[in-house]
Every structure is written in structure tokens, then in C-alpha cells.
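What follows is a pair of complexes built around chain A, which joins chain B in one and chain C in the other.
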Partner chain A sequence: MAKVYTGRDGRLLLGSNILVKVTSWTLQADLETLECTTLGDSQRNYVPGVQSFSGSAALLYYVDSDNTNDASTLLQKLVRTSGVTTSDTVSLTLRLTNGGTNNDVTLTAYITSASIGASVGEVVSAQISFQGTGALTTANL
Partner chain B sequence: MAYPTYKPTSRNFSAGNYSYKTFKSQSGKETRILYGDKRTGMTLDLSYENIADTVADDFITHYDEVKGGFSTFTLPNEVRTGWSGTAGAIDVPTGNNWRYESPPSITSVRPGISSVTVKLVGVL
Partner chain C sequence: MSVYLGSYGLVELRRSSDAAEKTSVVNPGDVNVSRRRFSFDFESGFLHNGDQIEIRSTNGADLAFVDTSGWIVNALQSAGHWYINVDELGGIRLYDTFDKAVEGLQSQAIVLTSIATDIPISVRIVNIIPRILAQCTYFELNTSREAVDITALGDEFRSQYSSLISGSGNFRAYWEYLPSYAKQTAAESANYLLQLAIRTEVGSKFGAKFYLKVGSEDGTKTTIDDEIWYEIDGIVTQAGVNFSPDSAVEISADFVTTGPIRLLAKTVPSDKVLQENADDIRLEQDASASLLQEDIV
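The block that comes next holds the complex of A and B.
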């Protein structure tokens, strides 16, 4: 059956836990290309370099009935009194689900930016950006 | 093994000079004595960007075979790729050869890929 994916099919997981109140996520995959054009060539030639993965997400600053706050968990990876160390990575899974079928991208990442604000008449939300480190754990888009 | 037959990604040639000596009198008049009829001391800098490591090590192999800067050698036509002028204009004159001015330099770019720079000087 044909399937058009929408925001309703999107999920963001921290570890194995689905984060609630996520309003958006994006994933950016890049490949560095290394030029190997030689003298006499009329067109540029390249060899593949290293890949990189980054992205962003927006979450409502929301306390669940069990007193968990998913946005806070991510924010505290960067908004903290102590410095960020190599152990402060998170495992993020960006998912598009289709019933029992999940199309996942899982990566280990550092939270590289976080912003949060409060405005009259608006729900408080947090925006985070993340930078993947190492290879993707799952790539099943 | 002859010099590797790969096309460089950039090339810089400096034409060298003829051997002569300049004498200047107290009046300022200059006298020059020519000691040779062949231009020498030309330099050729070659870059090979983002090539396979297995290609890059050919330069070291050749460097070993000519005992570093000790022995001289000629260059293949590939070195002059992209040059549409007279081939001899960016080569050593007849009777001259090239030798290494400094060891080939290899910069590792990523696993399996490196960049090599070679500096040569033309000698009689």
C-alpha cells in the first residue's frame, strides 16, 4: 500500500526511549570530497573523503506525569556547570515509522547547541543541534 | 624504476640561470664573466593531491633507487601534462638531468589517500 510519511510518523529516541513532545527533527548527512583533478584535465575529479552527520530537533519543555522531562535530559548535556567530556554523547535514533516497520537512523552524537526561551502566550520549547561522532549505528531510511 | 608516470595536480617551474660571475669596479662599471653555456639550477615543484597511498609510495621507492639527492634522472612526459608549449621549455636542457632537491613529502589526508609534493632541481 502506498504510504506518504508525515510528521505523525516521526519519532526521536534517546537511547531506546521515545522522547515525547518532539515537534521536529532534521538530519544532515555530508560527504567531504577530495579533489584529484590533474593538469590537462578539463573536468574536475574527486575521490570520497570523510562523512559527517548532524541535525537538529525541537522539543516542548514538558514534564510528563512520571516527572520526566525529555527536553531537560538533552539540554543538560550542554547547559551545565561542569565541562562537556567525551562521555557526554547521546545515542539518538531518528525514526519514521510505518506501523510495525521502522525506518531508523541511529547515531552517537554530542549536543552542540541548545536554546530555550519563554514568551507570553506560547508554549516553552527547546531547540537542540547535534553533531554525530563516528559511524552511524543504524542506517535504515 | 623510473620516475613515477603520474600526472601532477600542480606544477611550478623556475628556469634557473647560466653560470656567470659579476665584478664591479669602484667606478660602478660591471663586468660579467660567463662560465658555461648551459642553463642550470632550474627547479620543478610538483604536487600530487589526493592520490592512493599505493601510488604515493612509488615516489619513495624512486627516491630510494636514486639514493635520494645523489643520482640524477630524467622525467616522463606525464610531468608536463597540460603544458601546450615546447616540452623542452619546462625541462632541463640537453645534457642536464634532474635530482631531488629535498625528500618527497607525503601528507596523509584520510585512510588510503595521501598528497605528495616533490621538489627537483636541474643539474649538469
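The block that comes next holds the complex of A and C.
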């Protein structure tokens, strides 16, 4: 059945929990290419190098009825008094759902930037960027 | 079910100002006793006819240029409130009422006395009394609330969160520069709105009540005496006057609100209020009385 995906189908999970009030996410996948062109070649040649994954997300700074604040949870990975250690990774799943079928990308990542601000007439939202570390855990987009 | 006509509404204006205190000096030569006029240095547009101002001496001395008859206590003080009339040369006459100040007659002005030394003063615009806008023919007040989109991923319907409230509107009135229409107090002339729009130093701020319904004047207290009105502070953003030989001269002014917008009501209770204290109260009620008693639970 034909299906066009929209923001209605998007989800962002932290671990196994669906984060609420996420307004957007993006995923960037990159591959370094190593040139192996040699004398006599007429075209450049490359071999694959290292992959990397990064992305960003925007969340409303929102306290749910059960007193959880998903934006705060992510912000505290970077906005903190102690230094960031290797244990401060998060497992993020970027999901496009179609009924019972989920198209997921799961990665372990560091929160590399976080910003939050308040302005007159607007709701408070937080923007985070993340950098994946290691291989993707799930990749079935 | 009732249909109300515009004849039940009116606009009440309260002069306002963004200006801070102005300090100056009244010199002996500034006081013209015979013409009941004095002056001090102030920029054009700082004061208007009908403004209520507070004059205070900054060194604590009495304001000796105002005759004792110009004080409520019949004795000199270091500070006082008066209504003013400003002539085209910047001369100021003091008055005890708004309508006298707008009319500007020398004979009704507060008597002045010559002084021998300089008196340093500070002047502040007070303007606390609201007045009906004379010959107002139309007013419009719009309120709007901004909505912020908080729709999140996965939502099937847009979610909105209520944000800031703002207001705007306009009114029209037949132009005049002297108050000729009086109901409760002396009326504010429509010319003041034209002055408001071009005030540079003190801004174009005003306070207003827009009455949707005013009480009746027949003296009986029933629900027809209920009053309902919007109360706002506004800034005149545009004012204009149309002038043609075949129609009455009419001014129009647009405004935006600043600060809260309140919809208030003053209702007349349908029943009498019974005094509630520790005294014994003897109740007497005939068949036509409407005395209500609260059940004790």
C-alpha cells in the first residue's frame, strides 16, 4: 500500500522510551572516502573509509503529567557541573512508524551541543545535536 | 432577549504620560501677576491645556508665586496640584478644575503673587481623573490572542498553546476644542486625541474605558443600571481629521493597547444585602418582599 511519511509518523526514543513533544529530528550519515587514484588512471578511484553518524533534534521544554521532562534529560547530558565521560552516551532511536511496522535507526551517541532559550510570545524549546559513536545498533530505514 | 443600541455606550478617557519629572526654575521675571500667568522652561508639547500637574519646589521652599487663595488649605505649601492652560507663548495659568483650564479665562485662573527670589521646581503630569470623550460617534475595540504551535512528532492534530493577548481599535468623534458636552464631569474634547498623536516627548499614552452599557439615569436601581466596560491603557498610533464643506468635521484615532485588557462589570444586586454580625436581627417579610435566607447546613 502506498504510503507517504510525514511528521505524524516520526518518533524519537531515548532507550526504549518514546520522547514526548519532539518537534523534529534529523540524521546525517557520512562516509569518508579514501582516494586511491594512481598514475595512469583516467578517473579518480576511492575506497571506503570510516562511517560516521550525527544528527539533531528539537524538543519542547515540557513537563509531562507524570513530572518527566524529556528535554531536560537530554540537556543534562551536556549542561552539567561535572565533565562528560564515556558513560554519558545515550541510545537514540529515530523512528518512522507505519502502523505496526517501525523503520528505525538506533545509535549510541554523545550529545555534542544543546541550546535552549526563551523569547516573548514563543514556547520554550531545546535544540540538541548528537554525534554517534560506534556502529549503528539498528538500521532498517 | 435584548438588542442594545450604540446609544448605551460611551468612551471615557484618562490622560496619561510617559514623561518623567521635569526640573526648572521660576524666576521673579517669569511671574506676571496682573495676567495671572507664569512660565518656566519646558519643551513644546510637554504640557497641554487641561493637564493636571504637580508642581513641587526642589529645595523645600514654599511655592510663593501661587497666592494663598489658590491652595485648598489657604496657606502656602511646597507642592500642589493644579489644572493648567498653556498659551501659545508657553505661559501657564493654573486652575482648580479641568473645564476652567480648557476654557483658559484669565478671570478664573488662580491668583499669583510676585516673588523676589528664584524657586527651583519639578513638574510632573498627574492626570488621574477620567473624562467622557465628547461627541464620540463610534468606537471599536478588538482583542486578539496569539497561539503558539506546539504540535509534536506523532501528533495527528495541531496543538496550540495560548500566548499573549493584544488589543487595538479606533474611535471617531465630532471635532471640537472646548468641552460643550457634560454628563458626569467635564468632557474631554476630541482635539486632545489629535494632540496625543503628535506628542513627541511625553508619548501618546492614554487610559480609556469603553462602555458597552451604562446605567440608566432615572434613579431607580435595577438591572438596567448594570455597567459593563473594557478598561485599557492605549497608545494612539494614528489620528486624522476629515474636513469637507458638506459634512461635520470628524476626527478618527487608531490605537493599540499596552498592558492588560479587562472586561469589567458593575452589577446591581437583585436582592438587598443583609447586615451580618453578632446582633439579633428581626426579620419581617410580607408577601411582596424578596428577603432571601441562607439555610444552615
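Operating definition for what follows: the second predicted complex is superposed on the first by the 141 of 141 C-alpha atoms of A that agree within 3 Å, B and C clash if a C-alpha of one lies under 4 Å from a C-alpha of the other, contacts with A are read in each partner's own complex, and residues count from 1 in each chain.
Going forward, contacts are C-beta pairs under 8 Å (C-beta built on N, C-alpha and C of every residue); 3 or more make two chains touch, one makes a residue touch a chain.
Computed from a prediction, not measured in an experiment: that's the story for all the values here.
Student: Based on the shared chain A superposition, would you classify chain B and chain C as clashing or fitting together?
Tutor: Result for chain B and chain C: fit.
Student: Of chain B and chain C, which one contacts the greater number of residues in chain A?
Tutor: After superposing on chain A, more of chain A is contacted by C.
Student: Angle at chain A, chain B to chain C, CA centres, as a multiple of 10°?
Tutor: Computed from the C-alpha centres, it is 130 degrees.
Student: Determine, under the contact definition given at the top, whether A:Gly83 touches first (chain B), second (chain C), both, or neither.
Tutor: Touch status of A:Gly83: no partner.
Student: Tell me which partner A:Gly99 touches in the superposition: chain B (first), chain C (second), both or neither.
Tutor: In the superposed model, A:Gly99 contacts neither chain B nor chain C.
Student: Rounded to the nearest Å, state the minimum C-alpha distance from chain B to chain C in the superposed three-chain model.
Tutor: Minimum over all C-alpha pairs: 39 Å.
Student: Which bits of chain A are touching chain C when the two form their complex?
Tutor: Against chain C, chain A makes touches at 7-12, 18, 20-25, 60, 62, 120-123.
Student: Taking the complex as given, what residues does chain B use to touch chain A?
Tutor: My answer: residues 6-11, 49-51, 81-83, 109-110, 113.
Student: Mind pulling up the chain A residues that touch chain B in the complex?
Tutor: Interface residues on the chain A side: 34-41, 47, 49-50.
Student: Can you list the chain C residues touching chain A in their complex?
Tutor: It comes out as residues 146, 148, 150-156, 161, 163-164.
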